[in-house]
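Order as written gives the chain letters A, B, C, D and E; numbering starts at 1 within each chain.
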């Protein structure tokens, strides 16, 4: 379904490698199955031809990888950035997390990425191959001869259905045309939860968060979670904790994680994408984003480099925490 | 008087310059409030890390109140403005998770407002008592 | 360039000159004024009351017409300009009002203040450019001392009109200078002529108008120009011994299009 | 593990009345780390303190918990006791069982129970205390005063008087500021020049004071006691040390039509000029925008007539770097522009003037040599209308004007009105006021004299429109008390324009990391208790840069600022508060969140090399807290996402230990 | 008493302005071109609305003398917008049954051959419901 093809990207990468602009390429590498694509560094044309892929399963946001990949490399690294990735890219630059000079960023258009669990829900288990080249996805399973056809509206990830922007906010070079910021409905689900009673909300989150197995995938994939040492791994933090021993720990981890990235989260949705338990973690982040937009004016982390996040800023006329609720109650 | 009357556990974070002094003044003027309130002194309300609040709830606190200088009067000029934003965000999030919003509060109490301090604590204890025990954010391992 | 044009009631009747010369001059400057189909009278004055909705719908319809065509909306008459701009401002800044209006506008599709409203003078300044205007002048009005009369409606309230500094405007003076004439600076240029009070109390209108004329003459004016038919009426009615002329008339004269060459 | 001693104070019956102190001491014995626990009638007494000292020795205590009154009362006392016993003073924690326990809880059971819990929290905290040593930094014994008006002059003189060196940086060619432009001063009516110019001379002659005139501060680095400041000396094209100020060049300069800023453009000066006769330094300056020699290379007359050879057309801007221990901001004010208030016809008539212009018009050294004449035709005005509050007290969101009261206008207007009536009794003087605000010594008496003895007509109301017509200014105004609209044919209208901070203040505040309010006035460290200090340590405020002020107030604040500076410079070393933030560089991400929230600019970043487990090295940006600048609020500790930033004395683990103890 | 309060609140609501912002400077009345024609002047409108003294205003000819020239709105230093109160009271008056100030019957005598439509349209909008 993607408008640009693997070949275009390989050509671009090979050209930049051969003219010396970059010394390596951060790209998607095919895995065992068509849907388990992993990020990898490529250094030659041959490697690219062999393993580089670009399909509806290339959702991984590469910005975070730049923090580690730009250390100790000669020359520059080529990174392909989808529009939503560029926000993380800028946010990390705002936080001085990598050296911009070491990166050559190529913006690529994105038609939205697939959610494998949605695909699986339709096709059934035992996926043998997936063809994403056409308008519809063709999924062949071990148990059926005929491939199952799936339309984009049925396989697109939630974050892509509610895509906030097709505009690249950072790049050195752009392939294809740039898009616009989109007036999405991404806060609708948060608003729906807000309209529930506290008991209903508690039940909702209790149900969601109790599934957490503390695999830390959300943290590890999150482009805002780039701490040198995570507080949850750090005995000196006083809140070191590695397993969801009980209900409190499940909540604590996610509240603290959401709070830590509040104001810095670009709403890229990686947390929910990588969650093996399908917990809608992005809703916690979106709650903070929605609140801050409501309380302190629209703010999109990563829209520009050097912006000051709402939680490290203030005005003398800010809302009182009590007024926050009054306001919501009168709105509702 | 009932023997097993429910007594909430309230943790109050007070900034050294205004609210802690306000609490002292309440003492000087013998303005009573329930002993359920235990005060922790911090240099400024902006020292209160959300982690401390969650920690208190984890360990069984039934309510947490943060007191600081009135906006514009912060000893460190702007600390309480950050507190205001941080707590607005945190309280709203706790509410979003279904934790009763009445269990958290931010109040501005100056060094001269001993009466306000006592009244605020009386009111807060009453509110939390009405809610009953905090069950939604308690870590059972920490149970008394 | 094509723009949507709201002439208003008076321009189709007692102030035909204002309309005619506006059209001709604009054409000469490369702007086509496309009259809005089925426009309705703006009502003459803007009601500041929060609960007045119906009286502002004709303005909203005109605004929507222009925004649907992605055209600027141009007005000449000061009163229409005032009403339409204030309405647009309310649509942009008063959500409760906009919601109420949109309940009436449902059939036409909603409107939320997207249109850009230009007074004819603003059109000359911002869309045509006074420098361009200067180049197109065929009959310079050199040596003529002209007093620009803004009256009350053109500039106020400054926030909604956004046309010029309401106390220290320059747009009409720059216009006069572009035509080659001298602009007289005078204090009462932004004071009211009496407006509709001439229905209720003609003496009051006369008193106000006289003060305006006296001040213009004291500043050395030989002519007063205005964009408002009611100003012109009140000034003339009060016995002005100095010509009161529409802006578009001297514009047409300077551009050499006053007499219709096609006729 | 600490060896903690617990000391429970009875405070006579203050505590012991509602708290069972023995029970508290007993209960705390079982807490971790506690090796000794006792109670005593008055812990703060000499006997009580001796008891603590003896216990420290006897039990080898490493930490002390005193359960007593508020730490705000006796924390310092017990810290001294600890120090005397050979302990680090910061190994003491106080459990407040008086103000926050015995005095507010009537029941002895609940009181005792709570006191035990508070004691436990203090023990839990002290177990995690670490000895703290306040940092020391040297002090450069020289002060910088930015701005050479009466505020800067007074501050500099007072500092110099105490024996310290002071530099004044003034952006104009002379010091003196606004006061040099004034005629008389209220409420005593002494002549401004007569009281100011001797002070200017004192400054010039004081060996401790250097004046950088025609100069500005372009960069400030460092912190309290140790500022590195770059001063730009603008080229004046005259050698300052050689020029004698004889004025021959000024006389001969052919460019004579340059608007004279000292007289607010009401007369002209030459391209080479000395602002006024008593200027300090009395040195000529060439206006590069007006001088033909500098613009076109033609002329050179001033060089020819200068017998001292002081003219130097090739002079360049010069940058000077200096070290200072303290900085005083005295950048002053200006009247706001009247452009947006043309209902008063300021741009339309020369006879509508601001009050500062009126000062020049009545000043003997002014454009009309002190005779009150209309700027338009030089005629004597017979009717004068003063309008108060022009641009002051406007709505906050108004695009024009200021929200605050400019404070000085009521009094100077009364002065102008009174002096006018005194000198020209044939003149009708009207003052339109909203409120007359005269809180000051002899101020209201002064205003009443203007009304009662001098016959100034004070009218409660505002002017709505001024219409110049013929040689009159038609003033339309309201008289609210008689409920009338007035129409006055005036000859002169004087507008009491609001005042605003000088435009140079905002960039300066950025350089100093000193905070400002929304009106660009500098904020004080505390509005009541530290009114002459900025929140940034070592930066002090003098005069109208902090808020509208009249001369007596400015001078007293200038003296106060000077005394604060002297107090700072008198120290050889600065001892900081040891409870400051510090960043663990191994955990720091270098993200800047902490620096964003620091109100003192105490946090900087450095690229540091780290050795990695694989023996490679990596350069990383990390935060560094300057302990001399940090005031210990802790805002950064919460902003830090990685928990690298912590606050000594109030560390994360300490506070969490208190929470745990309370919730146990 | 109840009615007074209701009227006051209603007027404030219709006006969309806030009389409490007034600092009693009188600039509205100083700048008003119709001052002499008014029994109650702009600053009095603000004050009387604030005090709930609406009845005299409702019955005053002053309502019909305001020119809607926006001078008081523009020049008020506190953003009180006095004309909005005049407008609100006027509307309250003419919205009552049979309270139209101007009717078609009144028109012929005031019209002459130059009278612009604008004049009548404006007058009807201001004086008639």
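Definition applied: a residue touches a chain if its C-beta (ideal position, glycine included) is under 8 Å from a C-beta of that chain, and two chains touch if they have at least 3 such contacts.
Predicted model, so just to flag it, every value in this text is computed and none were measured.
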Fill in the blank from the handout: Chains adjacent to chain B and to chain C under the stated definition are D
Completion exercise
Outermost chain relative to chain C, judged by CA means, is B
Practice task
Pick the chain whose C-alpha centre of mass, unweighted, sits closest to the average of all protein C-alpha coordinates shown.
Solution key: D
Problem - Centre distance in Å when chain A and chain E are each reduced to the mean of their C-alpha atoms - result: 59
Problem - Averaged-CA centre spacing for the pair chain D and chain B, given as whole angstrom - result: 34
Problem - Whole-Å gap between the CA centroids of chain A and chain D - result: 47
Handout entry: Touching two or more other chains - residue numbers and ranges from chain A
Key = 238, 311-313, 316
Problem - Multi-partner residues of chain E (at least 2 other chains) - result: 71
Problem - Residues of chain D whose C-beta touches two or more other chains - result: 343, 465, 597, 639, 652, 656
Problem - Inter-chain touch pairs (all) - result: A-B, A-D, B-D, C-D, C-E, D-E
Problem - Residues of chain C that touch chain D when the two form their complex - result: 159, 165, 167-168, 185-188, 191, 214-215, 218-219
Practice task
Spell out the residues on chain A that touch chain B in their complex, using ranges where they run on.
Solution key: 190, 193-194, 198-206, 238-239, 245-249, 251-252, 255-256, 258-259, 262, 284, 287-288, 291-292, 295-296, 310-316, 318-322, 324-325
Handout entry: Of all residues in chain D, those that touch chain E in their complex
Key = 343, 389, 393-395, 397-398, 401, 434, 460-465, 476-480, 483, 485
Handout entry: Contacting residues of chain E [partner chain C, same complex]
Key = 13-16, 33-34, 37, 64-65, 67-71, 73-74, 81, 83-84, 87-88, 91, 101-102, 110, 114-127
Problem - chain E residues within the chain D interface of the complex - result: 21, 23-32, 35-36, 41, 43-44, 71, 75, 77-79
